[in-house]
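Below is one structure, written out as structure tokens; the observations come after it.
Letters A, B, C and D name the chains as they come in the text, with residue numbers starting at 1 for each one.
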Amino acid sequence: MSTRSRLFDVDCKLGYTLTETTDFVFQIHAMQGPDQDVLTESLRVTPSATCHTYTDPHVGQRFLRVQAAAGPLNLRYRARVQVARPRRNPGAKEVPISAVPDEVMHNLMPTRYCESDLLGSAARKLFGKTPPGCARVIAICDWIHRNLDYRTGSSDTTTTACDVFLSRTGVCRDFAHLAVTFCRALNIPARLAVGYSIFRAPPPDFHAMFEAYLGGRWEVFDPTKMADPSELVRIAVGRDAKDVAFATIFGAAQSRTIAPVVKRVAAGKG
Amino acid sequence: MSTRSRLFDVDCKLGYTLTETTDFVFQIHAMQGPDQDVLTESLRVTPSATCHTYTDPHVGQRFLRVQAAAGPLNLRYRARVQVARPRRNPGAKEVPISAVPDEVMHNLMPTRYCESDLLGSAARKLFGKTPPGCARVIAICDWIHRNLDYRTGSSDTTTTACDVFLSRTGVCRDFAHLAVTFCRALNIPARLAVGYSIFRAPPPDFHAMFEAYLGGRWEVFDPTKMADPSELVRIAVGRDAKDVAFATIFGAAQSRTIAPVVKRVAAGKG
Amino acid sequence: MSTRSRLFDVDCKLGYTLTETTDFVFQIHAMQGPDQDVLTESLRVTPSATCHTYTDPHVGQRFLRVQAAAGPLNLRYRARVQVARPRRNPGAKEVPISAVPDEVMHNLMPTRYCESDLLGSAARKLFGKTPPGCARVIAICDWIHRNLDYRTGSSDTTTTACDVFLSRTGVCRDFAHLAVTFCRALNIPARLAVGYSIFRAPPPDFHAMFEAYLGGRWEVFDPTKMADPSELVRIAVGRDAKDVAFATIFGAAQSRTIAPVVKRVAAGKG
Amino acid sequence: MSTRSRLFDVDCKLGYTLTETTDFVFQIHAMQGPDQDVLTESLRVTPSATCHTYTDPHVGQRFLRVQAAAGPLNLRYRARVQVARPRRNPGAKEVPISAVPDEVMHNLMPTRYCESDLLGSAARKLFGKTPPGCARVIAICDWIHRNLDYRTGSSDTTTTACDVFLSRTGVCRDFAHLAVTFCRALNIPARLAVGYSIFRAPPPDFHAMFEAYLGGRWEVFDPTKMADPSELVRIAVGRDAKDVAFATIFGAAQSRTIAPVVKRVAAGKG
């Protein structure tokens, strides 16, 4: 299992204007984990606000909880991260239900955005005859890439996998949601993965991919084919986008700036 | 344009138990029209009730309006019908929008069960490259036949074309609704057609097909492939199933009997 | 039954940019009918295009069918219209199903935007105990006005009455769709009515109200309470917005101008 | 904070017929927790099958994973459980977002069956002016009890809170889902709670209630008002019914028996 190691610099700026005291849960910290090493990082919140960081005990992602008063709120998160993700194993097998670890089982369940119960028959008709394993998940990605149009602004925060399956249009999270849904419908545990990604022309934005549980570990896939899964600086994984939103806002905040910039750094640099 | 002439005997029994005075609109009369001739017919309503028949001025279908008191209500409709439907023209062309007759235009609009506005992109992706005309409508029927499972009881009176496109399961009216929806999404006027049909093992039931406007006339298709379109004893055509229900009930009625029997009669017989 | 007569000047401009030959169905002509008299009118289409007007034989609304080549397309419709609508009869009774005229019956059916079958139970719980007749329809309008927020841009061309009942937000057509849906669910025939209306600060826009069949005739209501139903210069009535869209477009057209201006004219003027 | 202690005997039988090797996740074990003590219990699986029990590290519920061969499968779970739930505190306050514990936060998110994002406006309109705290959650229960019809068979495994809000009909889990959805929409953490409950005439069935996070702990409510929350022998809590299904089945199994019987035992008895 070969691994490529790469170095990235993240510089993420978020800006809001609040009309009242507002609570936030941010997920913008790069994840510390077996395939990703946060070498250095800094967070600046201006003006100063009540902050609190919580690390999820299961997968290690971090939640930044902020309560801020009316007025402007600016965040700047910077990090240097080494991503050393093993190459995908194209021969990875599907794990029989009875061998799926207990704590992975919930990744088979339908969620707000991934109605795998409603798309079960469609998934079996489309991919039921594809050889199981990594090849089937690749077939899912290929189908989605061929059949969905990527169109900025075509979906909103209520758009689900079923909506996208009907409309054949979406953005990265919609593509990933549909892939997660097909996987779960076929009894392959799957989850959303979001992070910083070098994936297209400016403006920069957060990117959503997905992970399928194959051969006993989580493999990353990008059905938009816009970015390289081995280059995703992962922030969080979760059941669907509701679990991994970069900002969940309780109150009245207007977004001014969303600028999550990531750059590849030459190995010896720094 | 060759035409086959066939003779059918219809014997349709409906039975209800009413717990209060109830209004009905029935559509059970065979349609009198250019490709169908009602030779003899009789209707018996027991016990006697206030009845009234209305003939739609556009397409000639008949609505039987009944107001009946609490208690049992039984209808028996019998008819001998000659169906002389022209053979389908496999070379029939799609009619450009500008040439669609004014009174046919509304058959391009989405309806309660046929959300052609939501499935436009899917329809174009699936059938956009198929040669236009009758061949494209046949391709739609073939796709539906291949991709949908016919399962009695899998849908109800709220099931729409989108639901069926997601679940990949339905009964004859669901198959027809999806076909109508794809046609309209591709700018081919289409409507539901229901009637008496020799289409499978008992119990007998009403059957739904659909019609597409091709080459300047309405061609009948059956995406379930369970019956022969040239043998449909047509009762009604309409935008979707809401327009052509065999019984629309205003009040509290329990259905006891639905037995619409149709038999082919040898030409010289009778 | 007293009637107020009022005079209006309509000046409606529509502008599009077409990237290919495109077909349109416009509904912008004021309706000629018992409660509305088109005194003078003119239509200018520039550059000249293939035009054709069709008058619906039932209710008298006019469809303007246009096929235009790539490039700009501009329409200007001007009319002086006398609206002499009888005052609403607050004591108007609901018509029992058995007395609803045959040709009105279809206004009891659910449609693409008005899923009266899905909201039947909610309608009966909300309005089942209200005295039947005009008072009940007024109660429906009041409930909608109290419980829905009018917000420009909150809905789109796929938004249905159920969506609005969930989101509690919409624009005039959404308000009217929900009212139509509640009425039909309560066995009151109802339909959408659109037209020119003096209803708020600029920019001018088409307005949607609805009509309920009470006491043997169609009464107009505006659940947004933004305009006076007796001042609606009616363009069309229909099952729902799909039947009465001011523009249905088959092809690729970008809207540049929507400016339907209407002004009240002093009686002696002109 | 007074506590009532009660003793219950659970005797739960489940029976299936499998047509192939099938995997199950059962949740039928009574929960061991601060307000509930499992005094004795036994589980019998016949014929013998591969079984494995997993205890969720957060809330303590148990998952029984079973892989069984084709043929019959029978489970019998028996337990004596002491429920000592503190009386509900009617003065319990809502917890401000900033004080909600990190591990409770996810109970504010929408899920497959609880689309709190779609019902936010409706929740605020219905309950926004109710005094916050326990009183508001009681108002939610009262509204649901008044406005929803309990009807066995009216919903299925795809029915969501939005569906129920539209149809005004459901069973216990639907009532609980809608309550959870309203709470989350109002920023009150809420979750589904299922278990054994003495709630109505035979046949016995599992019962669903819900819990709201008030005053720093989880309070149990039953919007069906069919059972006493202080008498629920809790099996599991979760985001929604997908997390706490008594049986999740991977394969082809036909249910033969669902008989979860619970009886109150006199304190000194046994």
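To be clear about the criterion, a residue touches a chain if its C-beta (ideal position, glycine included) is under 8 Å from a C-beta of that chain, and two chains touch if they have at least 3 such contacts.
Small disclaimer: the values here were computed from a predicted structure and weren't measured.
A.B. asks: Between B-C and A-B, which chain pair is linked by more C-beta pairs in contact?
C.D. replies: Comparing B-C with A-B, the pair joined by more C-beta contacts is B-C.
A.B. asks: Just the number, please: Cα centre separation of chain A and chain C in whole Å.
C.D. replies: Chain centres of chain A and chain C, defined by C-alpha means, are spaced 45 Å apart.
A.B. asks: Need the CA-centroid distance for the pair chain B / chain C, whole Å please.
C.D. replies: The computed centroid separation for chain B versus chain C comes out at 30 Å.
A.B. asks: Need the CA-centroid distance for the pair chain A / chain B, whole Å please.
C.D. replies: Here the centre of chain B sits 47 Å away from the centre of chain A.
A.B. asks: For chain B, jot down the residues that touch at least 2 other chains.
C.D. replies: Residues 118 of chain B each touch two or more of the other chains.
A.B. asks: If each chain is a dot and touching chains are joined, what shape do you get: line, ring, star, complete or other?
C.D. replies: ring
A.B. asks: Which residues, counting only chain A, touch chain D once they are in their complex?
C.D. replies: 23, 25, 50, 54, 63, 65, 67, 96-98, 102, 105-106, 109-112, 115, 117-118, 157-158, 187, 242-243, 250
A.B. asks: Hey, which residues of chain D end up touching chain C in the complex?
C.D. replies: Going through chain D, the ones touching chain C are 118-119, 121-122, 125, 147, 149, 162, 165-169.
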